[in-house]
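What follows is a set of structures to go through.
One chain, chain A, appears in both complexes that follow, with chain B as partner in the first and chain C in the second.
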Partner chain A sequence: MNEKLLVVCGTGMGSSMILKMMVDQVVGAQKLPFDVSSDLASGARSSGADVIVAGLDLAPTLTNVPATVIGIKNILDKAEIASALEEYLASKNDGED
Partner chain B sequence: MTELLDLLPEDGIVLGAAAKDWRELTETVGELLVDADVAEPSYTGAMIRNVETNGPYLVIAPGLALLHARPEEGARAPGLVLVTPRTPIEFGHSTNDPVRVALGLTAVDATGHLDLLGAIGAIFTHPDAVDRIAAARTSGELRDVVAHLTEEN
Partner chain C sequence: MDILKVIVTDILGDAAFLVGLFALVGLVLQKKAFPDVFAGTVKTIVGFLIFGVGAAAAVATLGNFQTLFSEGFGIDGVLPISEGVTALALTSFGTQTAIIMVIGLLANLLVARLTPMKYVFLTGQHNLFFSAILAIVLSASGASDLVTVVVGGLLLGFFAAFFPWLCRNAMPKVTGTDDIGIGHYVTIGYAFSSWLGGKVGDPAKSTENIKLPKSLGFFRDYVASIALTMVVFFYIATVAAGKGVTDELAGGTNWLVFPLIQALTFAAAVYIIITGVRMFLGEIVPAFLGISEKVVPGVRPALDCPAVFPYAPTAVIVGFLTSYAAGLVMMGLYIGLGWTVIIPVAIPYFFIGGTAAVFGNATGGWKGAVTGSAIVGVLISLGPQLIYPIMDSVGLQGSSFPETDFTAVGWPLYQVLQLGTGVGIAITFAVVAAIAAVVFGIDRREKSRRAVATEGAEQ
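Now for the complex of A and B:
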């Protein structure tokens, strides 16, 4: 079953959409088990997402969000995105029965 | 996919702008968007408030700022402009300062600017795109650099 991944930014139409495109490309190329969508940072808390991806400096503002928050330093760097997502999946598998 | 060069208006490029801080750089970007008829003057203040409220997350990659605000804050049409400051500008980002290339973006709905974003992503995913674009001294040089980066895709 796919993890729900939400990409966020401050306006919902700039960096979150670029980041979503990059995440889509990484998820597609490596067939990672995520359903990807994007929204405003203010929509994070009620989104029901398992993991939230945002630019590094926005990530600390996402407090009280019942999801894992991943901060990306360079949203155009697919290698960074890929390794952050793989690390998340590996840590989830460690916790599974 | 549409190319970045096709999406940047000829007048939408300023190289070596004399901005002394991030506010002045954002004002220069805002003026270009107004001149290109894609934003109202109010959009400039909205972009500045976006940085003040949400912090410098708009510095989306090392040296690269994507300045924008919400559509209802004064955007008139999807648009893109590019400014390189004469001296690199600090926005206060934890890892990606200083800014050497500032893009200005307008969108009017959720999807009309996806081409612009795709073109930005395709060019700036190259790790040396910012260096090469920041070094361009003329609009002709810039277009050459972008054309080469596009070919390398």
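Now for the complex of A and C:
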């Protein structure tokens, strides 16, 4: 079962598009179990996503969202994205044990 | 022959199919599998059509706002938000806008390859807005469709590389690296804020040392923020216009409920617009980035302004509040002078004022953030004041473009075209060539200075 990953930003079409591209590349290259989509932050709560990825400044404002929120400082940094996603997957597996 | 005409005018003439074609080519060039090519192309076309649906809804509500405001106050009220005015432009200049955007993306690659301005502008919606204003200015001045799209496309491509280049020194002060540029057409404002910050403040006294109440994060919520601004100003306009005028517009709805519905309908329309834009950019931007990496070695992506927000999130809020206050002061000034009332819409002030503050903070701490965003707040209020008459003259009422770079290019272009289309275009390209020459000169100087510095360090 793939996790539902939602990438968000303020407008839903600016930085989230770039961030989504980077997430897509990381997920594809490392074959991570995520289905990736993007939207504006207003849509985060109703999205049904398991994980939300956003810029580091936006992440703290996504309260009351029934999903894990990951903040990324440099949206072009695939290493940062990869390690954040891997950390999430590791913590999920720990939880299930 | 008839088939050819149908293809050219009805299919390619439809902007949605045009951007679909561009996405198709991009996907094929990336050697994607057929199902992906098909899905991607369809999503692009449908996204553009969704954008059109949102546009129609936005046009209706903005028109009503205009009527209420001008009946109530005797002057025009304008709500500058680029998503709105571009949606308006789509109804009359849709095809030209789409073609300009496509030519502009290609021209951007060319300019990045041939000049020191090695930036590829990845904020798709800003290129869309720029295409719209170029389409409007050129068409309004009587240029033929062919001239409009060729000249517009070339200008877009040039400035898409030039404006990020303007902030080439300011960006590293914010992010610490120079491998990204700022792709947000307020670069004149940001470069100025960065420069001014260095003169008025101390980067050590950063905004990030200040704690702000969390509730201000409300304004980051696009839909809520637009809804709030529109509800407030719609009610002001309705009450001023009075029951009689409003009843005429409202059909059967109660005159005090009508503004609420209209304001929220506008927020809904903007959400639809964003959804559509996101869909059709979703295939084009990745394709564009892929192609640009192959065609322009050493190219830097110019990214949307939230890319810099993580580096100074408190500055963003400070910038929003300061610039919005400036916008309100300017609005008071316009009312006093009897000019067209440019009403500050929260969302542009959030993103633009916020970014200006981030740049000002990097060079001048909180003082830089405040002065930079205040001045940019004034600029994005004055800009629409200058260019709204152009919008109005082609029947686009109620909104305008706040971004400084659009005014800096659009307004002089319009003036120069009034001297005659041919003359105007000749002058424009002469100016562009002059700007390019200056860029080459500055670049040579900066490169030799860097070489001297490296040599000095090595010794």
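Following the convention adopted for this analysis, the second predicted complex is superposed on the first by the 96 of 97 C-alpha atoms of A that agree within 3 Å, B and C clash if a C-alpha of one lies under 4 Å from a C-alpha of the other, contacts with A are read in each partner's own complex, and residues count from 1 in each chain.
Heads up, the rule we're going with is that a residue touches a chain if its C-beta (ideal position, glycine included) is under 8 Å from a C-beta of that chain, and two chains touch if they have at least 3 such contacts.
Everything numeric here is computed off the predicted structure, so don't read it as measured data.
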Query raised in the report: After the chain A overlay, clash or fit between chain B and chain C?
Result: clash
Requested in this report: Please indicate which partner A:22 is in contact with in the superposed arrangement: first for chain B, second for chain C, both, or neither.
Outcome: first
Report task. Considering only touches as defined above, state whether A:58 meets chain B (first), chain C (second), both or neither. Result -> both
Report task. Quick one: classify A:78 as touching chain B (first), chain C (second), both or neither. Result -> first
**Report entry** chain B versus chain C as contact partner of A:42, first or second or both or neither
**Finding:** second
Requested in this report: In the overlay, answer first, second, both or neither for which of chain B and chain C A:91 touches.
Outcome: neither
Query raised in the report: Between chain B (first) and chain C (second), which does A:12 come into contact with in this model arrangement: first, second, both, or neither?
Result: both
Report summary line: Of the listed chain C stretches (5-13, 59-67, 167-175 or 239-247), the one clashing with chain B is 167-175
Query raised in the report: Taking the two structures together, which residues of chain A meet both chain B and chain C?
Result: 9-15, 17-18, 21, 41, 55-58, 61, 73-76
Report summary line: Given the complex, residues on chain A that touch chain B span 9-15, 17-19, 21-22, 41, 54-58, 61, 73-78
Query raised in the report: If you look only at chain B, which of its residues touch chain A in the complex?
Result: 50, 53-62, 64, 66, 68-71, 93-96, 105, 107, 110, 113-114, 117-118, 120-121, 124-125, 127
**Report entry** Complex contacts: residues of chain A adjacent to chain C
**Finding:** 9-15, 17-18, 21, 24, 38-42, 55-58, 60-61, 71-76
Report task. Would you pull the chain C residues touching chain A in the complex into a rising list? Result -> 122-126, 175, 177, 179-180, 214, 217, 220-224, 271, 274-275, 277-278, 281-282, 285-286, 289, 301, 303-307, 309-311, 313, 316, 350-351
